[in-house]
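Consider the two complexes below, in which subunit A is the common component and subunit B and subunit C are the respective partners.
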Partner chain A sequence: MKKEEYQKLVSEYTPKENKWKNAALSFFVGGLVGFIAELIALILQNSFGLEVTESYSWVCVIMIFFASFCTALGFFDNWVSKCKAGLFLPTTGFAHSVTSTALDYRKDGFITGLGSSFFKLAGSVILYGIISAFFLSILGVIIYG
Partner chain B sequence: MILINAFLVSGLFCLAAQILMDNTKLTPGHITSLFVVLGALLSFFGLYSKLIEYGGAGATALISNFGHMLYLGGIEGFHEIGILGFASGLLVKSSLAIVSAVVFAFVLALIFKPKN
Partner chain C sequence: MASKKLNNVYIKDSFSIAGPVEKKGSIKNYDLVMDDYYYHEKTFEQSEIKMQKVVIDNLLNQNKLINSEIDLLVAGDLSNQISVSSYTASNYTIPFFGIYSACASFVQGLIVGSEYLDNKRKGNVICVTSSHNLNAEKQFRFPIEYGAPKPTTTTFTATGAVACLLTKEETKVKVESYTIGRVIDMGCRDASHMGAVMAPAAANVIVDHLNELNREINYYDLILTGDLGCIGSKILIEFLKQAFGLKMKQHMDAGCELYLKSQEETYAGASGPVALPLYLFNKILKQKNRKKQKILIVGTGSLHNPFFVNQKLTIPGVAHAISLEVN
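For the complex of A and B:
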């Protein structure tokens, strides 16, 4: 069998995902995450008298804890595979990737497994975030002063 | 109403990410890295602060906020102690997200077993 024929066969049998459904679900779930985040922030501001930026920091920690906890309990994986970008684009996705690798690689030992694989998925976010922000902040200081 | 704005900002970012993922061969890892860089870029053009003003926690809940925080950290570091500040200040603001994710993940990995 030639390579092109094989490619064609593979693409025929790859399950077609409904793009419209995915897009609508991502918009709705992602929006809901933002809505709940803002709701918690408003509650923190009004009931606990926190400053706006401080309330956002607390929301961030709460979301990370929630996502990590649900990942550890085992049902966040299903949610992410159903809701896709709606859940992996918010900070919940970052927490999910760290916690799921930590859980998966713990069996290989604390140093060679958990330690060395901890940032296997989240590492690229940190790496490219730092690289881009480092050079952009230097450029920003040069341009804007 | 800021709650609706938060819904719109967060929802539209996720929608853009999903459309990008469905029409290219990029994985979630590619998309999140791309959106962090996008966050830093928007911050560079002064747009991310406006997005936070408009959408509140809907904008800070996104992974792009990580890039924004890194950029702001670098700028603030420079204004505090000069050139060294680019390196020493870069992670200051985003330390919250990284440290809390690391601590929760580690402690939970000690307590729970993976379920498949």
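For the complex of A and C:
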């Protein structure tokens, strides 16, 4: 059997992911995360008298803490496998990836293990985030002056 | 030709330890089970070394053997440079052979051990294999909880260790013959679909074994593959039919059978070199009312490496077969 024929056989037997269902679930869960974040922001603004921009910074910190805490307790990945992109795309996913590497390499030394592996996954997000921010800001200056 | 019939090599005994997910699976009578992945050690790597030591010590005690009575220790695992096995071996005075064929390591170990004993009058060889889910995740994939949903074709590395004692004394399980498999690359690139990588290698070794020993597929009462998983098993059956015109009815896959369908976190089934011996020694060979049967065991391994996967190279697979006669 040729390789191409075999690949055809494999794809016949590989279950197809229900992309529409996953997308709908991600949309709903991602929206729910946003809703909770907004709710926390409103509480911070109304009950603690924080400015709008300041409250959003605090929301970010709270969400990151909450996600990292759930990672450390060992159930964030189970949620991700059920909730798909709705949970791993927001800040919660970024926090989770950093915390899980930290947990993974904490016994391999602070420099050689934890330090060098800390941004194993998140490093790409930071690098390409900065690069795209750089080019988008140039574009912004060109368009808006 | 890489098939050979053996003269009076037998499996005398085995000892298994299984991890926290495995103990909730389809087998309830493991010799020992672990409640957590650390197994009272500081790291997962050390936990795997302890698992190997525990199974070897218990196997020696069970059979009232001391280090000097064992001719050879053959061990393999999934860690970098198979260091788990090497560190385990440093605790014993037994000559040691470290082996690697990914998840086919156990069958490779049995072949090496059996070949060593083949023309001897007496002797004992211990074959050990282990895998640890979180060590394998760290080694082959991303960090433990890498935070992205996995595809349904993913297999879940089983946690456990198995030690088995090969001997020249006659027992109820005879190692009758073996076939060393070829490395087959059918153009698969997806490391999350290892069943597809390994199925052609499994099919080829089965066909080679049958041809070289002049046997029909019905000669065996059971063909037990290692860790193709539930999807890989279907691919193997179809591949055998389409490429070789063989209908394999008496097939079972240890990876597909090790967990219950309700254990969703295991996706397409178990993988890892320990999946096959866990199922073989704790289910197949411990069956009540066990009948005389001929079993062909096919260990399957996906020979990938994270660097090569990232470089988008295709993944080769390998499989080795060993024939057991159970009385």
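By our rule, the second predicted complex is superposed on the first by the 129 of 145 C-alpha atoms of A that agree within 3 Å, B and C clash if a C-alpha of one lies under 4 Å from a C-alpha of the other, contacts with A are read in each partner's own complex, and residues count from 1 in each chain.
Note that contacts are C-beta pairs under 8 Å (C-beta built on N, C-alpha and C of every residue); 3 or more make two chains touch, one makes a residue touch a chain.
As the structure is a prediction and not an experimental result, all values here were calculated from the model.
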Ask   = Which partner does A:I130 reach: the first (subunit B), the second (subunit C), both, or neither?
value = first
Task = Check the residue A:G93 against both partner chains and state whether it touches subunit B (first), subunit C (second), both, or neither.
result = both
Request  = Once the structures are superposed on A, label A:L103 by its partner contacts, choosing first (subunit B), second (subunit C), both or neither.
outcome  = both
Ask   = Where does A:E17 make contact in the superposed view: on subunit B (first), on subunit C (second), on both, or on neither?
value = both
Request  = Return the chain, subunit B or subunit C, that is in touch with more residues of subunit A.
outcome  = B
Task = Please indicate which partner A:S81 is in contact with in the superposed arrangement: first for subunit B, second for subunit C, both, or neither.
result = second
Message = Quick one: is A:Y6 in contact with subunit B, with subunit C, with both, or with neither? Answer first, second, both or neither.
response = second
Ask   = A:E51 contacts which: subunit B (first), subunit C (second), both, neither?
value = neither
Task = Determine, under the contact definition given at the top, whether A:F28 touches first (subunit B), second (subunit C), both, or neither.
result = first
Task = Would you mind listing the overlap between the subunit B footprint and the subunit C footprint on subunit A?
result = 17, 22, 71, 74, 84-85, 88, 93, 100, 103-104, 107, 121
Message = Taking the touch rule as given, give the residues of subunit A at its contact with subunit C in the complex, in rising order.
response = 1, 3-4, 6-7, 9-10, 13-15, 17, 22, 71, 74, 76-78, 80-81, 84-85, 88, 93, 96-97, 100-101, 103-105, 107, 117, 120-121
Subunit C to subunit A touching residues, read off their complex = 42-43, 138, 142-153, 186-188, 193, 196, 200, 231, 234-235, 238-239, 242-243, 265
Task = Could you please specify the touching residues of subunit B with respect to subunit A in the complex?
result = 2-15, 17-19, 21-23, 28-29, 31-33, 35-37, 39-41, 43-44, 52, 55-63, 65-67, 70-71, 73-75, 78, 86-87, 90-91, 94, 96-98, 100-102, 104-106, 108-115
Residue ranges of subunit A in contact with subunit B within the complex = 17, 19, 22-23, 25-35, 37-42, 52, 55-57, 59-61, 63-65, 68-69, 71-74, 84-86, 88-91, 93-95, 98-100, 102-104, 106-107, 114, 118, 121-122, 124-130, 132-134, 136-141
